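Down below is the structure, laid out as structure tokens.
Letters A, B, C, D and E name the chains as they come in the text, with residue numbers starting at 1 for each one.
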Amino acid sequence: MRLSRTVQSILSHYESDTPGSKANLARILMTGKLAGTGKMVILPVDQGFEHGPARSFAVNPDAYDPNYHLQLAIDAGLNAYTTTLGMMEAVADRAAGRIPLILKLNSSNSWAPEKDSTIHGGIDDALRLGCGAIGFTVYPGSPFFNEMAEEFRELAAEAKALGLAVVLWSYPRGGALSKEGETALDVGAYAAHLAASLGAHIIKVKLPSDHLEQPEAAKVYQTTGIDRASQAARVRHIMQAAYNGTRLVVFSGGNKKGADSLYDDARAIRDGGGHGSIIGRNSFQRPRDEALAMLSQIVDIYKGKA
Amino acid sequence: MRLSRTVQSILSHYESDTPGSKANLARILMTGKLAGTGKMVILPVDQGFEHGPARSFAVNPDAYDPNYHLQLAIDAGLNAYTTTLGMMEAVADRAAGRIPLILKLNSSNSWAPEKDSTIHGGIDDALRLGCGAIGFTVYPGSPFFNEMAEEFRELAAEAKALGLAVVLWSYPRGGALSKEGETALDVGAYAAHLAASLGAHIIKVKLPSDHLEQPEAAKVYQTTGIDRASQAARVRHIMQAAYNGTRLVVFSGGNKKGADSLYDDARAIRDGGGHGSIIGRNSFQRPRDEALAMLSQIVDIYKGKA
Amino acid sequence: MRLSRTVQSILSHYESDTPGSKANLARILMTGKLAGTGKMVILPVDQGFEHGPARSFAVNPDAYDPNYHLQLAIDAGLNAYTTTLGMMEAVADRAAGRIPLILKLNSSNSWAPEKDSTIHGGIDDALRLGCGAIGFTVYPGSPFFNEMAEEFRELAAEAKALGLAVVLWSYPRGGALSKEGETALDVGAYAAHLAASLGAHIIKVKLPSDHLEQPEAAKVYQTTGIDRASQAARVRHIMQAAYNGTRLVVFSGGNKKGADSLYDDARAIRDGGGHGSIIGRNSFQRPRDEALAMLSQIVDIYKGKA
Amino acid sequence: MRLSRTVQSILSHYESDTPGSKANLARILMTGKLAGTGKMVILPVDQGFEHGPARSFAVNPDAYDPNYHLQLAIDAGLNAYTTTLGMMEAVADRAAGRIPLILKLNSSNSWAPEKDSTIHGGIDDALRLGCGAIGFTVYPGSPFFNEMAEEFRELAAEAKALGLAVVLWSYPRGGALSKEGETALDVGAYAAHLAASLGAHIIKVKLPSDHLEQPEAAKVYQTTGIDRASQAARVRHIMQAAYNGTRLVVFSGGNKKGADSLYDDARAIRDGGGHGSIIGRNSFQRPRDEALAMLSQIVDIYKGKA
Amino acid sequence: MRLSRTVQSILSHYESDTPGSKANLARILMTGKLAGTGKMVILPVDQGFEHGPARSFAVNPDAYDPNYHLQLAIDAGLNAYTTTLGMMEAVADRAAGRIPLILKLNSSNSWAPEKDSTIHGGIDDALRLGCGAIGFTVYPGSPFFNEMAEEFRELAAEAKALGLAVVLWSYPRGGALSKEGETALDVGAYAAHLAASLGAHIIKVKLPSDHLEQPEAAKVYQTTGIDRASQAARVRHIMQAAYNGTRLVVFSGGNKKGADSLYDDARAIRDGGGHGSIIGRNSFQRPRDEALAMLSQIVDIYKGKA
């Protein structure tokens, strides 16, 4: 596999990592229709765990089958597929060598009384299932952040030593945060910076609004005139917070919405210097044909063709 | 041992598992009167631990003796026998090679102030006692779910690496769940999906009612028109939630009830595509002859003969 | 050492245990004046830890000396001696080969704010001190039962793997239990059954009263007509709960009381099929001569001579 | 080094300990001006940690220097020096071979909101610093007693296996204990007995008053007529509680007080059969010359010359 | 590298440490413009983690880039650079051999509900990244002090055994401490003494005010006449508390302030016998040229030239 210059440049920012971790990052960046562009689209399927199977799949019952998602990710030419332990075990053997796999190690569920998460997979699972990366979620702002971040620390250190890549979902919630604050710009930038500082290779955050949540931060945003007028500008600020753009950052799609809205998001991510999208419900809650068409258009946007 | 096509097909869904775990699943599926049919009846005895010995055995005092249960499972031609550490130690030597054993690793008791469970056995115990599988219980909805699921994760990972099969009891209770909600259809489907996603090979859930508990889920059930009119339809939905029927699911019998009611349950499980029954109190709280007759009839139902 | 038929028969119920654990059970059963009878009298000394030294020993000051108790157990021809880490270290060297030792690994104290217990010894201690068994206490009913039972699980698994025997004190207390309930028949039977199910080789419970504590259990006792009129009948029911008499069960003496009362207790234990007594304060709070006479009479009762 | 008969007799009570631990006890007992007498004076310096540096050392500023204390202990001919990790690291190299060192592994501080203690050193630290013993503090009566005692258990087991001696500070405080009760005779005897039962080689307790704290114990003290009229009688009772005098017990000096009062204490300890004193603030809060004179007089008292 | 006499003298106080730890201390003391003087200036960058990226870097956007800080530390001729895991990974490879690195292992964040800290790095991280020291923060006074100090104990013991140096931030906060008390002289002296007693090689504290917080300590300060009139006198007292000046102590700059104020601080640290400054926000929240000029002046002050 010959790495593109763009990918080589991205990898150069991971100068202290092992060849194993870099190789797995390279595999993700060199797979699918966006191979070599430095952009990524990833399919995540943990909504059955987080919200229950009917809320996730009843609208498109084929999606009850774990193989459906793997095949969708491959057929759409995505960069990677990520899911929970059980869903991964159900397809890992047939996926071998066909698409990079990211084993998601923790998830919440709709009964969870607290902003905590259940660890359901481990490093050994990732290795035996042929996954090239682990995924983990932390909730900045939650009283459980410390515990989650320290769990992540141990898993990430082990993963890096064994040559895996490390993906961190950094989703502010809980504690003193307002609902609106969860997607505030200052909060999102802080979340991205925390994820980078915890040592993530790939960071997943939500697209930020122009709301400012923390009073002391709001003051700085105003006095220094940080541009937050457009979605692209806000993405650009998130990228600053991710070590001046030297860390890979992908943005999540959130609830199911219209295709045009997804395309606008992708253009803003692209124009703001983000590295791509992670799109779950918006992929598998559409009929397969519609999903493939929508993902194809998003790929074209990241290629600068749409 | 020559595996039937049905069993081979079931095993093919466990594509990422070790030969050891698959062999132990095969042993369970190829034992007893239902050998090769893909259906199972399992005898569980942990009620002495959970409710006390008198409430469990006084009605049929022969059942105070651990050997009684092992012999009943063998004589009825069941697929496997599962019990607690002490009860298993009392019979494991004489059971060797005669019937697959599932060591149940945790149980609650009637004094437990919280919806948590006592771990009383370990993987080493399962191996030294010749058990081919471990059993574990989680309580989705309980504030202890995280802790229990993470205990399970570590035990299951170790069990799989050592070639054991893994059975998970997924019993919603506690927290915000209403009593009726514990057997609600949406809750049961979610419980089965969580168990699958935690990586269980065999899932044990309760037969669901047509009640819907979670408002956001109820909406989806209504708009997508999920059929919940008959017990068989509800079983079919549970099977969907269990990775579209690619995971083994057995249903529990609950409190002691009339034989006809048990037969109706078994027919619904069979017709809905479930893999069988796990029947404790309804087996050993009957006189031995009655229990054997009842179990024989249930075997016939699963064979499609009754 | 040639095992009596009675002892061989008892050992046959521990079919899944290692030769090491069985050898240590055999040593206890083949020691002292009751050797080979299948009956046991054990001297326990942890009252200094649990209630303080003055309340335990001031009435018979010789008993402040650790050696006093060891010598009393040997001279009375008892089956085993059990005490805490420090007391055991003070005599283990001189005891070597003279009497089986059971290292008690946890104890409570009179300041303990909760129904929990302090772990003060470990498996390595038992091995280096030449003890053939470990002793542990759990409190069924206490909010700490889970924690204590799980501590026991780990210690017992290690002990069994290393060929030690395992003795479990199962003393209901705390939580919703009334004071009277601690010695209720249903509670005592449940406690014995839990101890057996946790995998204990020898179970220690209190002699039960005819009180019934748990409403759901009381109903069963009444409808099934469990005999609880005499102390012997109640012992017989406890033995049922201990896997139909296939587990060794010894009963504790409790507070200091008159010798005749102790003899009545011993006859009830014998007639109900129990395996003997564990007598602490009633031994060492009497002058040595009186204690030896009393213990001699109890031995005769278990031999069926008194 | 030739052991005196007195020291040989003391060591004989540690019959189950390793030669390594006995050698380290012997070194303490055979060092300094009291070598061979079976009596000890130990210098402890943890007051800077427990109360802050100014409250400990400002009155005698030379004492800010860690070397001051080591030199004082050596020049006064004491048996051992004990301090915290940092203070020990500051002098361990120059102390090598000159005086036995006891590494104190935990300490409280004046901000601690609860009767708990910070573990600041470990067994590996003791070994690398050439210490022959570890010191640890437990607070009987505190809600943290269980946790502290279990931490001690693990450290002590490791220390003994590696040939170190084990010193336990047993200081009742917290929970239901009154301030006066912390030095009550029944409480002190119980504290000494607990320390012995936890397996300590050397026990450190406070000199007891004639107060009785626990009602059930008070009854026993009165009915059995335990002599508590003089300080020497009270020390004698503590020694009874310490396994009839077969464990080494040293008594602490407490707050700074007049020299005469210290001499009276030492005579009472000597006459009651105690093994010596552990004197911190009363040593280093005096000018060096006064401290040396005072310690010399105490040595003479223990030699029976004053 | 030839060590200056001053540095040799400082190292002589770490007599019990391994050659590895001493070599790493020597590297810090022999690097940069202050090499060999026994004085240090260190650049710390964890403010993005602790307060968020915008509050830290928006005023000087170049500082979003991890490389900016490394280059600033090198160009200013500082002794060492310290930052969090992610920021260190971003530059460790290019820093190799150019400046000593201190991996900061824990940090708080502006959402933390309690005075606790997130551990985000480990000893293995420090070693693989070529760092010669670890940094850790404890909060004396906080209810989490015990937990933090015990985490530090384990990390520091491992670090020392592997030849790393150990830097401890000792920042009183939380619990009963008033805001003013956090920088009180008695509190700062206690914090420095605790850090020394926990075994830190280099101690970081805040410059103290002349406030006295703890009543019992205040009494001693007044009766013994401790000089607290000038900043230099207060630094001198802190150094006393740090084992009479035998431990390396650096003082933090706090919030951004005017350059003259920073110079006054540095002169007071120098005149009071402190070992230098650790200056974060005051370095990188200035334009690079201003920062270099300011740091150059501070170096001159420590050299006695300004």
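Please note the rule applied: a contact is a pair of C-beta atoms (placed from the backbone, for glycine too) under 8 Å apart; a residue touches a chain by one contact, two chains touch by 3 or more.
Quantities reported herein were computed from a predicted structural model and do not represent experimental measurements.
When the partners of chain A are compared with those of chain D, the chains appearing in both lists are E. Any chain touching chain A that also touches chain E would appear here, but none does. Chain geometry summary: the mean Cα position of chain A and that of chain C are 58 Å apart.
Distance from the chain B centre to the chain C centre is 36 Å, each centre being the mean of its Cα atoms. Residue positions of chain C touching 2 or more other chains: there are none.
Taken as a contact graph, the chains are arranged in a single closed ring, with each chain touching exactly two others.
If you check the complex, the residues on chain E that touch chain D are 13-17, 140-141, 143, 145-146, 149-150, 153-154, 157, 161, 175-177, 186, 189-190, 192-200, 214, 216-217, 220-221, 224, 226, 237, 240-241, 243-244, 246-247.
Residues of chain E that touch chain A in their complex: 48-49, 51-55, 57-59, 61, 64-66, 84-94, 107, 109-114, 116-122, 124-125, 128-129.
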